[in-house]
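You will see chain A twice below: alongside chain B first, and alongside chain C after that.
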Partner chain A sequence: MLDTKSKSAKIRNLVIYCIVIFLGLICLLPLVNILAISMSGSAAVTANKVGLTPVDFTMTAYRRILEDQQFWRSFGISVVRVVLTLVLNLVLIIPLAYVMTRSKREFRARNIYMNLLIFAMLFNGGMIPTYIVVKELHLLNTIWALILPGAVPVFSVILLMNFFYGVPKALEEAAIVDGASQLQVLIKIMVPCAKPAIATVSLFSIVGSWNDFLGGLIYMQKVKDYPIMTYIQSLSIDLQELVNSSMNSAALENIAELSNKNLNAAKIVVAVIPLLLIYPFLQRYLISGIVMGSVKE
Partner chain B sequence: MKVLSRKEKTQARIASRRKDTLYYHGMVLPGMLFLAIFSYLPMMGLIMAFQDFVPAKGIFGSEFVGLKHFKYMLQLPDIGRVVRNTLIIALGKIILGMVMAIVFAILLNEIRLKFLKKSVQTIVYLPHFLSWVVLASVVINMFNIDGSVNQIFSAIGLNKVNFLGSSQWFRKLIIGTDVWKEFGYNSVIYLAAITGIDPGLHEAAAIDGASWWKRVWHVTLPGMLPIILLMAAMNLTSVLSAGFDQIFNLYSPVVYEVGDVLDTYVYRIGLVGRQYSFGTAVGLCRSAVATILLVSTNKLTKKLTNQSIF
Partner chain C sequence: MINRKKAGALLLVLSLTAGLTACGGSEKGTADQSTENAENGERGTVEISIGRQTTANPKFPEGDSYEDNAYIRMVEEELDVDISDAFEADSGDDYNRQVSLALSAGSLPDMMKVATKDELTELYENELIADLTDVYNNYASDYIKSIYDSFGGRALEDVTYDGKIMALPATSSDAGPGMFWVRSDWAEEMGLKVDEDGDRCVTLDEVKNIAQAFIDADLENTGNVVGMTFDSRMTTNTSDTPFMMNAIMYAMGAYPRHWYQNEENELTYGSVTDEMKEAVALIRDWYEEGIVDPQVGTRTWDDITALVTKGQCGIIFGSWHTPDWLLNNVYALDNEAEFEPYVLVDENGKVNCTHYKATGEYLVVSAEFEYPEIAIEILNLIYDDMVNSDELLEKYPEVNTYLNTGVDGTARPFNMEVKSNTYLLDEYAQLKAALEGTGKKEDISTAEERSNYDAIMAYREGNEDVTGWCKIHSRCKGVDLLTYLVDKDLYNWISPIYPETTTTMETNWSNLQTLEVESLIKIITGASDVDTGFEEFRTAWYDQGGEMILKEIEEQIAE
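For the complex of A and B:
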């Protein structure tokens, strides 16, 4: 670049490289540590001997997960929830976003609907009234309680709208002249043009519903109905008690033995794998997504 | 081919517009129905805050008590504590988070090794996509009394600290780990802003003898300013939500004094403690203030930067 030759520039570059690598390691190493714990013997884990590589390497924890029915049940609930939420989200918000890009002249009620959408984004009834509504609809303890309350993510609607605005008007008009209906215009022209934006909102939806634990905690009364993150959360309660219990080290060791740190670590690793699988897409689309969504002229 | 008269043309246009309008209503309806049930119905449910709500009697059967719960709220010492914690934690996260993301973006922009840059980006964006349920385990694992951080502390001769159980450290831990989770992802937008700056400006400054620091200060940062202002405005609107997921997964009764925030308080007292009306009253105040903040910040940013949040 400009002054790569001077000595001070070289030192500066070295310092910058070191800081950036250091920050990268800070993000990476705690996760590597969990991975190492999940593959270590429980004696080494209890004694806090595990660093970045497994000690007394064993896959026992993973083998035990294979037999853990509740884990797979929760995992399955989460998979079903993610798929249903995604389908519902897309079916609802794509037409919604399309109609919201019509001008007021084309669709007189457009502004009324738009204001209703915006207001729902700005203000909400909060945790308790939403809980009461879900309860009154008899959705408690059903998977629908995890899906329906988040059926229309308004932020995603706006993101899609921004993208639809960018589709050349001429394409649409040509289709209408050829006799296409509004629905056909949406399906045959807008949706294919907006593929990147649809990918972005889909990933938002997938990550959000996979990672959510509060829904399961509030709406599910029995552990057997918990989605994966709520299930994992219920495991870590032991861990928290361990942290906050008295400093009596004998007692601590006792609980540590019971809480199966390496088994829990393995469960965490398996619960994160689906996200790691889609991570390349997350990087590609969500990163363009935040730039798209937050900067609009 | 039949030539349409003017009148017929107008009629045809009106008819097709009516058909379109019908289509439009039909396309909007399903989404709006869900919004009505799961957004607007709960808003009406806020009436609960003015009642002594009993689930068996429902909204229509419960007795109205006016502002009783709001008055009670103002008398409770809890509320002052919870609001204070919320503001301290949220502001700490906003300020430190932004500084860290901006600094990181500037540094990352200096990295010329493509492979290293890509790898570091891949790694630092990752925590953003992981749930706090997972990351809380990671944090507890690092910061508990026998965790890695304390092992390092004792290795260099410092006293061990019970980070998760100490009122002195808990808020710092919450702010620090949130910055850790989000700085990478938040830097994306600043990095985009930096790439948008005209390289000619840098070259001109360099030719005039400006050092790297001077160029960052006088070229890069001013170039990023619109985005920084916009993000600051956007972030400030979340000053009343200090991050339920994170705190819920890391706190414990020992640190309620410093770590309990509005959202966790509403959950514990209102939902778990079944004080539905009181919890709703607290939640209503929180949402109302948050909404006012959001709307006024949006107006302000529109005026200042010509960009709007929504």
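For the complex of A and C:
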């Protein structure tokens, strides 16, 4: 450990702290800025006057969000989507990761499956073929179109596999000697041991499905079915592009009324809240989960 | 350019579609029965699926949606149809992606809009869309026909392939030149006469002097006034886009980013002409003198808007409607702010202006759709009856409410502009008459102008509302100036050619555009010399495909 008493160590620590604080601020300040914008008057925002504190403090933006039905509808869709995705992901990847960690003697086709998984992780069908598959399965405009294409996140499977490898073989053997079936080994031994890793993949799943907007843009053909991030994305407007496309003045007015950045900022703030609430609970697992899953014996 | 990419994607998609549509044919098995019904003169309730462009701010009253709103209810009731959306997406990339996806899956909606001529051509060549010639001739109302005819054939020619009308074009009426909006409250405070002779036209020298005066005065004490600034793209292919240099260049006889026949009847690209070189040299001089923003080339739209709102910039180039959606921010922050528009004239005292491309987007009807005449009937209903028939609005008061509250046009089955080439001036004439007391509010033909009338009257009575301020600026100053230009015969119109994307354009155009912008920025900011820099740019432009493209467009014209 560093000798905190020596002078050079103090300076070194100071420098390190400065760097870390600086990096932390880089991450934090944009968020603070968005928060300040969301609480400022729109004219002040347009004039680029808002820094880290609100100018012309007002909560009108939040009041308008409360009235925005589509926002809450989309919010609800996203919540349902996240929950379903999470459950489905865990149900699929935990057993999958478990069987993939069996020895070749126990599971002969293991390598074939492993190669398939890796192939699927590195290559995918591309947007149009995937769209056609989803359409032919009549999943368009249903919530399943947002869930099923990502039901087996291979990266999470591999993460979990590495964690299972780390669980002492003796534990498992002891259970089998005591007469436990494979399923019991999985549920009673592996899952409790792998809590940090499971928390980690859960977090990936939650954050990923909450933040994804492209899926909604492609598979949801009605604005009313948009998940929250797709809805917010559809509100962010590039006025410059629009002016160049053939828009009449009345349409431009309606759009410009909305380019109302403080309202959009408020929507972003509200949409981020659920993730902010989840992070503190899962974060400690997140760190230990990745580290432990990364080394296998 | 984005459009290039889109066209490329479409091509790919269409090749897939060719196979898929063949398989999808059986779904339309009921078609024969409905044809029989049609022959009996009874078509029953027709189901229509449409591809719908949406907007982020449709302003629906509570409970209404794209599929169920006043316009849709009216059309469904009047025409006995049942409209549903095959897909909805925001105009622009999102919508175009949905169009590509629908094509790739072989399920074209019955009606949809496509954004580009290239897409329209592809659809035609793959026989996916219906020939509308007969239904247009038989069903379109005289009023609708007169609108398209007001473009002197430019509108319908654009959608005619082998003598067949394959789409209904949205019209795109000329919006006049990019104006030169000046903070008149500043000028007044400084005792500065922007326009000595009162003819609403200014010369380049006058513009320069005003900019210099504003910089020197710094009335808002910002410490850093920018004379004038421009978007990083510098120029554009429409006459009046805000924050562009077009107006200055037009005044010197240069038409950047436009294809046109020059005086010797040769096809020219406006950005590589000698006039362009002079115009660039002038802006470079201004840049050196500090008249043009030292940071030109790096400013984004938001930056510029912020400059203007903060009172750091008192000169804005832009169209007549700029006050409605951009300058309104200035007023919101500073109730004293006033603008006055002027136009830049060339050495002969004329206002050079390029015609818009007469058509915007295109409405196409699927080749498999049984009743293409319904597209025309919707067109008649929305763009003729709704405009001209008071009875219709009395029958559907909720539609009237929509019009008055400014519910976005995307609520309509298809949202296009179908207005005569001179609608802007015609409508303003009615508004002006009403405002001056020579006419009545009831005589104003559109709901939009009627609500403008109310807003302006309320502002004049002192309610200080931003809408009134905007409308006074955009209508009583902006459109009024356009009217003045016509009345005094000050226009010198250029009719550009708007070519279809050629093969060389597909591969080289985006590079050429980058080359153009980069060269301009280098010359203006002094990184390269005017003479050698421009000659280098011109040579490079011709060598890197420009020459080929000119030839290809000439062939297109010859066809």
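In this text, the second predicted complex is superposed on the first by the 234 of 297 C-alpha atoms of A that agree within 3 Å, B and C clash if a C-alpha of one lies under 4 Å from a C-alpha of the other, contacts with A are read in each partner's own complex, and residues count from 1 in each chain.
Please note the rule applied: contacts are C-beta pairs under 8 Å (C-beta built on N, C-alpha and C of every residue); 3 or more make two chains touch, one makes a residue touch a chain.
Since we're looking at a predicted model, the values are computed, not measured.
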item: Chain B versus chain C as contact partner of A:K135, first or second or both or neither; value: both
item: Which of chain B and chain C A:A9 touches, first, second, both or neither; value: first
item: First, second, both or neither for A:G24, with chain B first and chain C second; value: first
item: Chain B versus chain C as contact partner of A:N48, first or second or both or neither; value: both
item: Chain B versus chain C as contact partner of A:D178, first or second or both or neither; value: neither
item: Of chain B and chain C, the chain that contacts the larger number of chain A residues; value: B
item: Touching partner for A:I218 - first (chain B), second (chain C), both, neither; value: both
item: On chain A, the residue positions that both chain B and chain C contact, one per complex; value: 48, 128, 131-132, 135, 218, 239-240, 242-244, 247
item: Residue ranges of chain A in contact with chain C within the complex; value: 42-44, 46-49, 69, 128, 131-132, 135, 217-218, 221-224, 234-235, 237, 239-258
item: In the complex, chain A residues that touch chain B; value: 1-3, 9, 12-13, 16-17, 19-21, 23-24, 26-28, 30-31, 33-34, 37, 48, 51, 91-93, 95-96, 98-99, 102, 106-110, 113, 116-118, 120-133, 135-137, 148-152, 157-158, 181-183, 186, 207, 210-214, 218, 229-230, 232-233, 236, 239-240, 242-244, 247, 264-265, 268, 271-272, 275, 279, 282-283, 286-287, 290-291, 294-297
item: Complex interface listing, chain B residues touching chain A; value: 17, 20-21, 23-25, 27-28, 30-32, 34-35, 37-46, 48, 55, 58-59, 104, 107-108, 110-112, 116, 119-127, 129-131, 133-134, 136-142, 144-148, 151, 162, 164-165, 180, 183-185, 188-189, 192, 202-203, 206, 212, 227, 230-231, 234, 244-245, 248-249, 252-254, 263, 266-267, 270-271, 276, 279-280, 283-284, 286-288, 291, 294-295, 306-310
item: Touch list for chain C against partner chain A, complex; value: 13, 16, 54-59, 62, 65-67, 85-92, 94, 97-98, 100-101, 104-105, 107, 115, 170, 172, 231, 236, 238, 241-242, 300-303, 305-306, 309-310, 321, 324-326, 328-329, 332-333, 360-361, 406, 408-410, 417, 448, 474
